[in-house]
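Per-chain numbering from 1; labels A, B, C, D, E and F assigned in written order.
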């Protein structure tokens, strides 16, 4: 199995139970999660040595985030300890035509204020096989951007394959700010993951004929973009999930990969009901990395699609599925018959 | 914003958690609600000065009902305090082909035994813009009927617009009893809200060709009834929600308004899953009153439809949505994509 | 009303709340259940004198199983007390394409180690009208097989009608083992209940052209099998439920009975969402036995279908519905409108 | 074991979780209980054939009360079914110097409106050994008083021993009303249970020198009263529990019996913390009846004291302890060491 | 009743259920609270027109804080809306020798970044009777200090009585910083509330012979300090609560007031168990203000002591008790007998 | 920090919430624990490299036990995977004079059926500093005894210090069986931990004049026994906790160590209320091992006493405290003042 490193922020997620609205809830369910942490958990679940790199306060809320990762087998020894805050996001889970809502309270978290010196990137990337980061990490702060660049450089120095999930967050930066940072970082990237919005906002590409709020998919448009992206940024591969949003609890789901030569479009899943769609994209990244590490692109795509479809049925940010469960779904059994 | 008054009963709702049946539940979730209270909360949410008029015992259960209203900004200073009981309804939430069940235990509640002298209707309706009541209030007791009539007279004296939700409750009175009280009260009503059953049972109208248990809609039948009702009772407007019941968790939903001149039929919403349909009709009344107070009939209808569709996704009797959220849905975004 | 006896194991069911996965749950919901116990509860709910025969430890976990049965009116005076263990099954409830999972921990339960001498079958079957057992009881142990045979012989001696639910459990025995026991026991059976898999595995029949993982139904195939089974084993009647598995939360459902002369195929129900499908088959058996005890085959089939469709909307193993509720659904009202 | 009958009301108890105040609670824990029902459960737990006689509505809330009794083995076949309401009491559990609070909502419950004709007292008391009732039953309504008298007469006709728990409830009647009913009923009573307040209020006796709010005990005063009571009313025995209230969570507890000849004062228990003191008195009655049915007065008193001390450590109205557990405590082991 | 204004921060309190440690909890109970908000709720409970002045974000977490105040009748119309964060504190409730733990995450909250211009202090203090603030508000930021000064000046201009709770928070500022701000603000203060630590740290006074960690009380030392404080700062009155910490769940509690002439030491309460001691000091302030507004110093002290003792038995920051409940305890009934 | 190895069983603990009795509970709280696992968690919390050695099934219940250990930093790579069952114990938490109850269901667990070949003891003990086991492991089965012996031999071969907690379990073996196994194993033990009962039952020693059910302590008796034990078995040290059981929620607690030369009796703690006393002894072992690894016997004893006193305030088997928290208590601060 591979050594995989991810870098980013893990946040305290405070979600209302069931479908309660924020103003009516008297308790929050606690989960810890964040794009790159979610990917690390996926990879640990598939049997890899997954290392999550971040910074967390020494107090018990910081420790609880560490514990959440250790519980699922992610290595936490490269997490720097210090700072004051664990970033928070509040989540209200929608239903039917009522969308889920996220309120972020992540400014000045320990990782946003972390310094490159907090991390020994040579130790981190020694013998590593893969490094994954997302567009959120450079967006959280200048320090985050510096960390990401330092990590990318170190990864490349150690011959590590690098993937990015573009993941534009409008609350964190403007498209102009994003592009000024992200375009530069693309030089280190081998596998680029991003949906149509992210590609446009963080890299300046504009997908044609794709209206994401309508839930229609224009596969040809994607292909054109992907090919152009691969050429422009010298990406080895480009991939995205393709979400069709019918309602907060009913989506269509498939994934697309351009492997430099061919396009692979996975099976399409009808997800209804959705239990928790947060982390759906991360579960795709995790599934894709595992797929690309262990099988051919065509199979990797099916693995990634099935893994991320399954995520939508699981509470919390983490995709708590085994390789075997993903393979069973990718292999065709979506009948949901009780497994005794 | 407007000063709006509603008059009626607020009950303690005891519902089993999730989809548990009564006989298997070991706890009840507590919510306070009732037709006119629900309308008041809707209007407070949309920014109006909403006053709920009722009577509640001085003990802590009565106080909790007051607190539930205050929490969402409803004015409670005209609620008389005294009496022994807060009316109760028990709720079991169905799923699929299993219907939800309500058991009422509301006899002899403080408001059912209240006296006209408990209320200073001149103070209540001073500078008021709108008065809303429902067919439940006169049904709960003779006192309730007397209160309603006194309120209607006072409202009219102060030049307040009056709306009613006919809302027939077979456990409270017979059609004959209902008609003997309700037909008289119609003289004070400007805007009449009611579905086909209620119109027949409380006013003696019989809608033709509408079979509500089948879930089919015969719009033309509604239009005929509405026009006739407006003429007979001198209503300014007549409105109803149009529910298509496919199952306990899947409904179609739209609303219809006759504004005295034109018919406005809103967009139709597919609600699946329904989280809680109790209070759906009240959320329509609240949305319609807000709509009529702030926009043209056509827009009012779309606002009312979107508001009440959203209610079905929210736990409890109250429709905890903002004007902005309703407008977003009425404006067309039902994709349920996460709002970050 | 009839005296009905069922024999088998009642287990402690430990299920994760909501749709939580095993590895993320911090509590288990407690329910007691098991094929024959579930049938007994159904029959008690329909007004029969239902006796559940088993063995349970004297400690509080054993007592809790007894209490769970008594709560719903099942007679427990023939339950022997002794032994060490209550069998356990762990349940994780799936959603969408993620299947529910069951982990059994039932070896060496009190009933699996029980002796024929623990039971006074003459007292048990005195004046009894019906005896129901399932293929699970002889499968749990040699003692279980001996008990079942002794019970069947006693039942026949007392002129009691006997039904079986074939219910093959691959974790408990191999097809060869099952057939060596079950084929012999068929001589005592009047009414045989079983789906296509069970018939093949426990009796050596192979249904043709029925691919159950695809969710397609081949009614003609069933009919052929049923007729042949009735002839071979001298069954009075043969019945099965017909489940179409679209996903873990969406199934089609109908039932089929061969009454020795005619085939009766019930109405088909679309169940979406499924709240809890465990015990669905048992609720069919319970509904069918009640139906056959109280009405004609055609009506019995509709009763059984409606009863077992409703079960899928109810949490826990037991089908907590009344005869009146089943009749309302069988009579055609699946609109799910609130019952006030 | 004996056949024991109790007659009275079983209510739905709605209590806030933990130590929450009414106004801050969002759910109620559900328990069913009431003086005579609690006694019936105690006696079923000790192995007797306990019959609870009452009236309950046919709806699911009424059924749930029946189920709560059946669960613990109480016979419910003499419970008449009909009427509209299950009486309710709301409970807020205090701590330290904050007292627990009860709000009653029991008017017009099914049993309060029941008729003597609803019950076949000859069948009820056939072969019965003991009949227990309390001062609450005649207090709830005139019908309740009539029922109580009819039951007493029937019990005496069948040679059944009769005990009463005087249990004055100031919310239900005045001392004058109580005395006008209760003094007459004393002619049927063999064993009278009551604390100092109850004796005064329901029978017109005034205990001297006992100041119950101070938590001091004046045993001699009790003895004098008991002797006089026995003589005046021709009681065979008189008993009471002696509670020393230090705080809502810390009480002293012992019990006193005058057996017609001697006084028996039990061991004294220091109860700290109290988990739930509601039903403490009923658990004493239950323990005493069992004690008097199975052992000598001296041992009966110790059994009753230990049983009712234990009750204070158990959530809910029912005293869920076995005879063996009570004997262990009465025998001296209050060390609380883990029982493995 | 009086118009009372308090100024400060209301935070989202996230507490682990029961006595769970942070690292083992999977949910947080939600309460909103903060020194001055807690005082406002106390005063609203006692019947005053209480206004809480602060700033809160427009999003739903901010709205929930507003709702929490409105629920208990506090006026929120002077709360400015804007900013990004609601301050947070995490709470783990100890037991026995394990202390409760608080982790603050309150930097950059909306109120900490608020501007004097956000508030119309003339409108706020018009016709007001009392203004209360605490040493926390000036400590949270320079803006907080400026706000406090502006409010004090406006209060004095409107002839409003001013009280302060010194409340030193070492996480917010150093003693030197505190003294540089607080000594200046004392010129506006009429009633000073503070324990021995706070007096030393915020004002530079050093109490002699008081060792707070030992749980011993040296009343004479307090008196000397109070007299000197009153003279130095020209306070009309000085008061403090006197906590004896035996364990996290067992405290002694009394309060002391110097009214400019005499010392009043209240009754002493033994609080065991403590349910929640957070907000204990604030409940003393609230009780004292109400006491001084409505009765003589001696009675005010007893009211304040009983009110704040009761607070320790109530979950959450707010002291949810009525004037009548406080009077009952102050009047001597601490027996904890059930109130029916 | 040291490498510490413990060997034993980790069980699924199913406990009723709060103080509920088994028969009234509808859910179980899930915790994983067991003597040696608990010690491993303590040591990981204090910063050591703690390895827990056991065998667990591959299914999700087994995985959950692994996850529970990983969460708190215990190394799980030497846990063999296989077998069918995770051992279970049911726990009901008592209060006041009602004792807690444990029901074991641990027969045939994976570790009870494990083989010596499942473990590579040379790898396990390479560079290890300490090996801890308890009398439970050899008691669970013959395999368990063989494993323990093999582990002891390997530990000694690698020069690892060995400690045992005698921990007699009467449900697992008789004193004769215990002694036949345990006396032999004592040759490998350096530090022996055990209370008076365990010493007698597993090793055949009889403490004089110690009546443990009375809660009195006879320190001199312990000293005599300890000295004799050390001589007989060539123990380097002998230690025990000294529990005074006043009630299920109130204990006295201190610990005693004979270090081969001197006796060290720790401070005595009054624990009231006890939140959860299960694992109290294990937390003493964990604290003592850490103490002996890092400080002098006198300080080690105080550390162990404070650590294990704190455990009683923490829910679950694991002692979730840090070295710093233990030191603060050992250093004298038991005032329970809030730590902000």
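Convention: a residue touches a chain if its C-beta (ideal position, glycine included) is under 8 Å from a C-beta of that chain, and two chains touch if they have at least 3 such contacts.
From a predicted model like this one, the values you see are computed outputs, not experimental measurements.
The chains that touch subunit E as well as subunit F are A, D.
When chain centres are defined as mean Cα coordinates, D lies farthest from subunit A. Residue numbering shows that subunit C and subunit F use the same positions for more than half of their mutual interface. When subunit A is fitted to subunit E on its Cα atoms, the angle of the rotation, on a 0 to 180 scale and to the nearest 5, is 180 degrees.
Each chain's centre was taken as the mean of its CA atoms, and the one lying most distant from subunit E is C.
With centres taken as mean Cα positions, subunit F sits 44 Å from subunit D.
If you average the CA atoms of subunit C and of subunit D, the two centres end up 42 Å from each other. For this pair, subunit C with subunit E, the centres built from the Cα atoms lie 62 Å apart. Residues of subunit D in contact with at least two other chains: 18, 21, 23, 26, 67, 72, 101, 273. By the contact rule set out at the top, the touching chain pairs are A-B, A-C, A-E, A-F, B-C, B-D, B-E, C-D, C-F, D-E, D-F, E-F.
Interface of subunit C with subunit D (complex): residues 67-68, 70-73.
Taken together, the subunit D residues at the contact with subunit F in this complex read 18, 72, 269, 271-275, 309-310, 312-316, 320, 325, 329, 333-340. By the touch criterion given at the top, residues 18-21, 23-24, 94-102, 104, 169-171, 213-215, 245-250, 273, 277-278 of subunit F touch subunit D in their complex.
For subunit B in complex with subunit D, the touching residues are 14, 17, 21-23, 25-30, 59-61, 63-64, 67, 84-86, 88, 90, 92, 101, 103, 105, 107-108.
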